[in-house]
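The structure is given below, and queries will be raised subsequently.
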Amino acid sequence: MKPRQQRMLAVGLVIVGVAIATGLTLQAMKDSMMFFVSVTEVAEGKYPADRNFRVGGLVKDGTVQREEGSLEMTFEVTDLRCDLGVSYSGVLPDLFREGQGVVAHGSIDENGIFVADEILAKHDENYMAPEVADSLADHVQDQTLGLQYGPEECPTGDS
Amino acid sequence: MWKFIHQLASPPHFYRIAAKMIPWFMVPALLLIGYGTYAGLFLAPMDYQQGDAFRIIYVHVPSAYLSMMAYMVMAISAGIGLIWRIKLSHAVAAAAAPIGACFTFLALATGSIWGKPMWGTWWEWGDPRLTSELIMLFLYIGYMALRGAIDDTVKADKASAVLALVGAVNVPIIHFSVEWWSSLHQGPTLIKEGGPAMDPAMLYPLLAMILGFTLLFGAMLLRRVRTEVLFRERRTKWVNELVLSGGK
Amino acid sequence: MTARLSADGLTLFRGERLLFQGLSFALNPGELLLLEGQNGSGKTSLMRAIAGLIEFEDGDVMWDGRPVRLNRPSFYGSLVWMQHRVGFKADLTLVENLRFESHLRAQSDEDFDQVLDRLSISRLKRLPIRSLSAGQQRRVALARMLLSKVPLWLMDEPFTNLDRQGRQLVMDVTTEHLDRGGMCIMAAHQDVDIGGNVTKIVLQ
Amino acid sequence: MTNEDSSVGLMSGVLGVARRDLLLAWKRPGDILNPLFFFAMVAALFPLAVGPSPEQLQFSGPAVMWVAALLAMLLSLNSLFLSDFEDGSLDQMLTSPVPLSALALGKTLAHWLTSGLPLVVVAPVVAVTFQMPFFVTGYLMLTLLLGTISLSLLGSVGAALTVGLHRGTALLSLLILPLAMPILIFGARTVSLVAAGDGAAGGLYFLAAYAVLTLSFAPFATAAALRISNE
């Protein structure tokens, strides 16, 4: 093989390599977008009781209940379509509040309650004055979780 | 145009021109940073979630941005130096590294201070940007360590250029991996796609700070390259004449 | 008519020190270029730079009229070189070492025995290089040059560690190589008795 | 007497060097075994330090084993080009008619076969002591397989940059570790995910992508670095 051909071959191999790597990365990214599931998917019964997973949603207004003198608490998460009861015992992040987006890790118990062993909340990347935020709050929260469901009827979980 | 670039690449020429260029970077940089600091602290409203704590963004974001920018400047000029064998280009890469490392450190420090009120901890491994910024600092440290370990300037230039380029290929991968890793904690969609939404009264001071920091970086880079050039050319006639004439 | 190997205006620094400036030479088939100079005069550096292992500060070495640094594979296909450290793996046997290099040059190993006999190292064939004396290792390096069948030989101090017979062998082998139309660049302290077309470069 | 195009093909050059280095490794088995013992010992340090609680061992097993594997690879990298540099055969490689990047790839291949692959093979034995379930061990081996390929390739660049420098070992770690962090993240995390009952495909795809990417670039970077270091 002539040196020139060798160089061409090398360049060709690098291009092929980069193309394959890009393809694999895209595949990897597609797969890793599934880090939490929506409440609707849980309601559809896709996640059996013995499996650990993460569920993401908004803390439903007026559902947070704490037990006096302990860290036990319950609340509901919603994706504006389905609701899911969550029980949790532990320290909550500072930003946890009603209407806030949270991701909970845990599994469903026999009563259909999601028993969380970890709750995460995160401030979003929107910066605005408080008065503006008030008027926009609901809308913004919808966006930050990427929720696409309208307020339709929730599919029954028994199916 | 080509002739101008060629002239600029000659060390004595660059040394003179850079001296004249520094004020053109420094003065607007100080004005913009002055405005940004005042407007950021007093004119911008409080954030609806984070209150006054968010104001550290005016130092944090420009530093983080510059840590990337400085790496890009370093890698690109190292690459140019390696391929076209331009010595000035290597001097730019050598000069950019410590500045970049400082901005990276500043970004880490401010990020950590920001983390304390927001997350309740100085360091949060779950934050992808904090973690990848840390790896960025490690990359700078590796680059500077390699440079320091090789005595011969020409060899140090070339070896560190290879490292800078390999690092540049890896920077996006590191970011992606850290984001994937910490997304386990946060869920990637919580972070909004399409850039942050921000109140204009908060945004303008931030833009001013970013531009100001960039110009400041330019001024510091020019100064450091001048020193670097002087050191590298210390055996040449023009530097000797310069020294004898008292730097005029 | 351009020479096969030529150089014009070579300048080389080692660290801060200028070794030489504006050095030029030309080498054609059958010619020997002899580099002379005291210790530290830059013979080895010049040799390594010609082989493309060090970059010249200024000037280019041309092979068939094209700069070497742009045509490394074609230049290296025509070059073999003997340096201070012989460049063999101490744990591998003589034959294993030579076979590896023949493989890279796509040469058959059928004339191994003949060459090893000529250099009187046949009986060392199965020994690891580490158990050979310095002079014997030099002879193996000489075998590498003979087996490579390339036109350009670079020899840095080929007589080091060799006895009188060995030194004569180097000169004989080199003379034959030149007679066949080969080229050689040699750096040496001592007087070299090689007939034919010799050019000398004395480094200060 | 013109043999200008008489060099072997690229692939044959890669295999030629790899075969020589494997032969060398065969004659000095300690060079292969030492990193393996190191791997096992580092992995053993954690249970000794943390305590024998089975849950904790199961939880930290993938991470500990991955860190140990990374350090073992790092340990073996230092000598990759050192003996070639010292005995002058690097000079011979640099002036060989086969492109240097092919030779560098050959050396890296031999390095992986003598340090990466043995780690993959030994991993299940160590995994047993961490009470790792069978199918999780399978994933551990798979991630190690993909990850050590990238580590060998990246490491060859670092080893080439630091060959011949004083204090080369410490420097090599400084250069390579930041670049190796993505491998550690995806390797250890994927195994942890599998152990927790999640899917592993994303991490495996990424490790494969990183291996392919480093395979495309590292040989050229190594070749460039070798030329620079040997000046």
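All chains are identified by letter, namely A, B, C and D, in their written order; residue positions are counted from 1 within each chain.
Everything that follows uses one rule, which is that a residue touches a chain if its C-beta (ideal position, glycine included) is under 8 Å from a C-beta of that chain, and two chains touch if they have at least 3 such contacts.
Fair warning: this is a prediction, and the values are worked out from it, not measured in the lab.
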Practice task
Report back the single chain whose CA centre is most distant from the CA centre of chain B.
Solution key: C
Completion exercise
By C-alpha centres, the chain nearest the middle of everything shown is D
Completion exercise
Cα centroid separation, chain C vs chain D, in Å, comes to 36
Completion exercise
CA centroids of chain B and chain C: separation to the nearest Å works out as 48
Problem - chain A and chain C, separation of their C-alpha mean positions in angstrom - result: 68
Fill in the blank from the handout: Cα centroid separation, chain A vs chain B, in Å, comes to 34
Handout entry: Touching two or more other chains - residue numbers and ranges from chain B
Key = 152, 176, 180, 184
Handout entry: Shared interface positions of chain D, touching two or more other chains
Key = 5, 99, 202-203, 206, 210, 213, 217, 231
Exercise for the section: Please list all residues of chain C that touch 2 or more other chains. Expected result: 72-74
Exercise for the section: In the complex, go through chain B and note every residue touching chain D. Expected result: 82, 135, 138-139, 141-142, 145-146, 149-150, 152, 155, 158-159, 162-163, 165-167, 169-170, 173-174, 176-178, 180-181, 184
Practice task
Write out the stretch or stretches of chain A touching chain D in their complex.
Solution key: 1-3, 6, 9-10, 13-14, 16-18, 20-25, 27-32, 34, 51-53
Problem - Sites on chain C touched by chain D in the complex - result: 29, 48, 51-55, 72-74, 76-81, 83-92, 96, 100-101, 103-107, 149-151, 180-182
Completion exercise
The answer for chain D against chain C in the complex is residues 1-8, 12-13, 16, 19-20, 23-24, 27-28, 83, 86-92, 94-99, 227, 230-231
Problem - Of chain D, residues touching chain A in the complex - result: 5, 9-10, 99, 101, 196-199, 201-206, 208-210, 212-213, 215-217, 220
